[in-house]
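Quick one: the structure is below, questions incoming.
Labels A, B, C and D are assigned to the chains in the order they are written; within every chain, residues are numbered from 1.
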C-alpha cells in the first residue's frame, strides 16, 4: 500500500502565501467561467431558434471574458507582488466526514497568464470561425461547443483544488471530443474522435488515481494545503503521484506514448485545431505539471521521467512534422514537438518552470497564428489539405502569407520574433542543468527550422501545383483580421512578456526560480542555436527549392513540370533524406501500428471480450440457475478460505 | 379459565404507520377491484396509490425522530432505515407517475388489458378494442412497496425473508404484464420467477443454518453469537454464504446477475424502472443491514468476498454492456456494473462506506427512473424502440428528450457536475479510507470502460443521421414529464450541490441493533 | 435396536404382500382396455382437452387449486391458535381476525370476478 | 438419534431439489424442485428447533409453508400463461431474451 493515510499538514511553506479573499473586481471572478458557460447553454439548449444570432452571441461572451481578463490583470498588477493571488469560494461542493472540497476558484499569477491566453486567443478564434464556418449548417452548435470548451478550460486553470481541476479536465476532454467529431458524417472524423476519447481516458485514469493518492496521503486535495505538506511526504509517494500526474499530462498534451490521437484530431474543423489542439487544451498537461511543482520538487525520479518523455516527444513530433504532406498534420507534429519542449523545460525543475510557461504562451499565440493561416489556405483551396497541391500561394493570399511568415519566423526562433526568446530561454536553462538535454534542445530547434521551412516553401513558394479548377482566393476580413492580430502577436509577445511583462519575476511566487552559472556566455549559446536553426532551414531550401525544372522541358509544359516535380522529390528522397525518411517512416509506423495498435487493440479486446462474455447469457433459465449454483459454491469457498487462520 | 401464557407484545402503531398505510392501501385496492365497476376502478386506484405513498412519506418525515426497535425487535426503525424507506417511497411515487401514463401508447397504458389472454388471440384484440384496462397492477405495486419498506428495516431473518417474498411475488407478476411484446414479457416473468424462487430457497436455507448456529433469527442475537464463540464452521460459513447468495441475487451482482438483462428487457418500462431503481435500493438496504448488524462479527470473512464480487461485477457489467445492441439490455448490464460500484462502499464495513453507498443509491435511483421514463417515450406503433440504432438522430428530432437522456448517461458515466461523479467519488474515497487501493483501481478501470458505452449512446443520439422510420420521442402526459423533470433535476443538483443530501445522510447515523 | 425389530418385520411383511398381490393380478386378471381405462383420472370430469388440439384450457381447476391453497394455509395457523385459544390474550384474537380478514379479501376478489362460477 | 442426521437429510433434500432445478425441463417439475428445497429447509428448521431447544424453528416452518403456498399461486399463474401461449411447459422453450 502506498501512502500511510496520515494527514500531514503544516503551516504554509515560505513560497505559499495564504490566499487573499476576493474583493473588488475579483469578487466577479466567477463571471469569467459563467459568461462562456451561459453562451454554451443558450446555444445548445436554445435550439434552432438561435441559429441566426447564436454564433454572434458565442463571440460576444468570449470577448467579454477577454475584456474582463484584461481588467483582472491590470488590477492584479496594481497589487504588491506577494499578494497577487486571490481565492473565491463559490460554495461547499463535497462535504463528507470532515473532508471538504469547496468549489473554489483561485486566481494567481500562473492562472492569470493562462486566462489571458485562453480568452484572448479564444476570442480571436471565435471571430475567425464566423468566417470559416460560415456555410456550415450546424455552426450554432459549433459555437456552443467552443463556448463550452472555453468555460471548461477556464475552470481547469482557475480551480483551487485537484478535484475541481478534474471537472475542467473532463470538460475540455468532452468538448474536444465533440469538436473533433463535429463533422461526424466523415467516418474518419468519428474514428478520430473515438480514438482521442479512448487515449484521453487512459490519461484520466492517471489523474483520478493521482487525486486518490494525493487524498490519502495529504487528506486534502486543495492546492495550498497539498503543497504546504508536500515537503513532508515521503519520496516514493511523491514519485508515484508525480508519475500518475505525468500520465495524465501525457494523455491531454499528446506526449509519448499517448501522442497518437493528436494527428487524427486534425479531422476537426481548423479553428478547433488552432484553439484546442494547438494553443490551449493540449497545454493543460504542462499546466498540471507546473502547477504541481511542489510535488515534483520532492521527487527527482519523476522529474527525470518528465524530461525524458519531453525529449522523446520533442523529436518524435519534429520528425512526424517533417514527413507529413497534410499541412494540418504537419502542424500537429510541430505542436507535439513544441509541447515536448515545454514538458522538457518543466522537467528541469525550478530552473525551467517559468520558461515552460513562457514558451507555452508564445507558442499559444504563434501556433494559433499558423493554424489559422493554414485554415485560411485550406478555406481558399476549398478544403484541400495536401501541401503537394499547393505552391505559389503567396501571390494570391498576401495577408495569409505575411502573417504565416510571422508565425514561421517565430516558431523557428529568429530574433526578435517571440519564439526566439522563449525557446532560447529553455535551451539556456537546459544547458544550465545538463549539457545533453541542452544539445537535444538545440537539435530539435534545427529540425523545427527544417520542417517549417519545408511547409512554407511547399505552400507559398515555387510553382502552383493546384488543379485548374481551383481558384485560391484570400479569405474575408473576418478571418484575416484575427490573423493580422495574431501575426503581430507572434512578433511582439516574446519581447513584451520578457522585458515589459517581466514574466520571470511575475511567475516567481508560484513556481520559484533558480539560476545556475553557465560555462559559455549566453550570446555564444544564442549564436550556436541560431546557426543550427539556419542549417535546418538551408537543408529545407536546398531540397525544395528546385521544384521547377532547370531545363525547359519538351512537350506539354504542365505535364512535364508536374512529372519533374515528382521526380525531383523522388531523387531528393533517395539521396538526401533517405535516412530521415526511414527514421520518420519508422516513427510513424511505431506511432500508427504499435501505439495505436495497443490502444485500439485493447478497445477491440474489451469489445471482443464483451461479445464473448455475452454468450454466457444463453437465454436458458436453467443455465442461469447453474451459474448461480456455481456462484454459491464460489462464495462458500471464498468464505471458507477467509476463515482459515 | 386458564392463565394466559403470553402477554401481548407492545406495538407502537404510530411508528409503524407508514407500513400500515401502504399495506392497507394495497388490501383496499384488492377490495376495490372486487366491488367497483370497470370504469370506476382506475381513479380510485390512483388516489389510493398516490395518497398512500405520499401519506406514508409524510408520516415518515413527521416520525423521523422516533427511532428504535419496533414490534419486539423484529423491525428496526433507525436513521438509515428511515432514509431507505423515504428513498423507496420517493422512487415509488415517481414510478407510479410513470405507471399512470396513458398517452404514449395509442391503446392506453403500458400494461396488458388481461395478462392471461393468449398473445395474438381474438380475445386479446377484443379486449384492446373495447378499451379495457387492467388495474390490478396497482395493488400489486403497493404490496411490493410495502415489502420493500419491510425489507430494509427487517431486524429479524424471518421478517427479512417474508418481506423479500412480499416484495418479489408481485414483481414476478408485474414483469409479465407488458401490453406489447407479450411473449418477451411472459418469458421475463417466468425466468424471474424461477430464478427468484431458486435464490430465495438459498436465502432461506442460509437463514436455517444461521438459526441452527445461534438459536435465534434476531440480528442482535446472531451478532452476539458470532462475536462470542468460534467453532461450528460449517453452520456459519454455510449460513453466511447462502444468505449472501440470496441478497446478492436481488442486487444483481455477478455471478447472480443472469436474470437482470432478460427481465429488464422483457418487462414493461415502468416496471423495469421500478425494479432497476427501487429493488436495487431495497436489496442494498437489506444487504447493508444484514452485513453490518447481523454479520458484523465476521466481517473479516465477508469483506474479501465482497471485494471479489464487487470487482467481478464492475468489470463484467462494463465489458458486456459494450457489446450490447439493445438499449434496455445495455442499461441492464450498466445497472449490474453500477451495483459493483455500490458494493465497493458496502465492502468497507465502515460508516463512511455506508453513507457513500446510500448517496450512490440516491443518485443512481433517480437517474435510472429518468432513463426508463425516456425509454418508454421512444417508441413506434409496435411499442418501445429499444434497438440502439433506432435511437440515431434523436437529438435532432426531440432535442430536449435527448439532452435529458444525455445528462443521465453522463451521470452514469460519472462525469463531473452530475450526481454520478460525486457518488463514485464518495464510494472510492470510502474504500481508500480503509486502504483498499486495489479495488479502487479496478473501479477506475471499470468506470473508464463503462464511460465508453454511455458516451456511445450520446454520440448515436446526436451525431448519427436518423435512419428511416425512427420517430421522435412521443409526447408524454404531464405525469411522465413530471417524473422525468424530477429525476433530471435531482441528477444535476446532486452533482452541483450534493452537500445538503450528504449532510442528511450523515446525520442519519448508523444501524440500530 | 431390538425394540424396532418387530416394526421392521411388519414393514417387510406389508411390502411383500403388496408386491405379491400386484404381481399376481398382472398374471391372472383379464385385460380389456377401453378409452376410459387409459384416460387420466380427473375427478370424474371430462379429461382436459390438450390445447394443441384446440379448445381452451380450463383455468377453473387452477382457480380452485388457488382456493384450496388459501384455505390450506389458513388452517396451518388456525389450528395451533385454536388449540391454545383460551390461554392467549385479546391481542392474538385480534391478530387472527386480521389474518382471516386478509385471507377473505382475495376470496371475495375471486368470487366477484367470477372465479367461482363453474360455467 | 442425533439431530445431525436430520440436518444431513435436509441438506441432501435441498441438494436434490437444486439438482432437480438444474436438470428438469418441465417448468412445473422445476417448480416442484424449488418447493422441495423449501421443504428441506423446513425440515432443517424443525430439526434446529429441536437442537436449540426453542420453538422458533417450528413457527418459522409454518411461515415458510405459507410463503411457499403464495409462491405456488404466483408461480402457477405465470407457468400457466406461458403454457397457454407457447403450448409447452418446457422451461427451455422461452428463449427469446438472451445475450
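Keep this in mind: a residue touches a chain if its C-beta (ideal position, glycine included) is under 8 Å from a C-beta of that chain, and two chains touch if they have at least 3 such contacts.
Note that the structure is a prediction, hence the values are computed from the model and not measured.
Among the pairs A-B and B-D, the greater number of C-beta contacts is found at A-B. We define each chain's centre as the mean of its Cα atoms; on that basis subunit A and subunit B are separated by 44 Å.
Inter-chain spacing, taken between the CA centroids of subunit B and subunit D, is 25 Å.
Computed from the mean C-alpha positions, the centre of subunit B lies at a distance of 38 Å from the centre of subunit C. Per-chain CA centroids place subunit A at a distance of 79 Å from subunit C.
Each of residues 18, 21, 30, 70, 77, 80, 84, 91, 94-99 in subunit D touches at least two other chains. Each of residues 59 in subunit C touches at least two other chains.
Annotation for subunit A: residues touching 2 or more other chains are 614, 617, 619, 621, 625. If you check each pair of chains against the touch rule, the ones that pass are A-B, A-D, B-C, B-D, C-D.
Considering their complex, residues 7, 10, 14, 17-18, 21, 27, 30-31, 34, 37-38, 40-41, 44-45, 47-48, 51-54, 56-57, 60, 63-64, 67, 70-71, 74-75, 77-82, 84-86, 91, 94-99 of subunit D touch subunit B.
The touching residues of subunit D, when paired with subunit C in their complex, are 62, 65-66, 69-70, 72-73, 76-77, 80, 83-84, 87.
Here subunit B touches subunit A in the complex through residues 190-191, 194-195, 198-199, 202, 233, 236-238, 240-242, 244-245, 248-249, 254-256, 258-259, 261-262, 300-305, 308-309, 316, 319-324, 352, 355-356, 399, 403, 415-417, 421-422, 425-426, 428-429, 432-433, 435, 437, 440-441, 444-445, 448-449, 451-452, 455, 459, 463-465, 496-499, 502-503, 506, going by the rule given at the top. The touching residues of subunit D, when paired with subunit A in their complex, are 18, 21-23, 25, 30, 91-92, 94-99. Considering their complex, residues 1-9, 27, 30-31, 33-35, 116 of subunit B touch subunit C.
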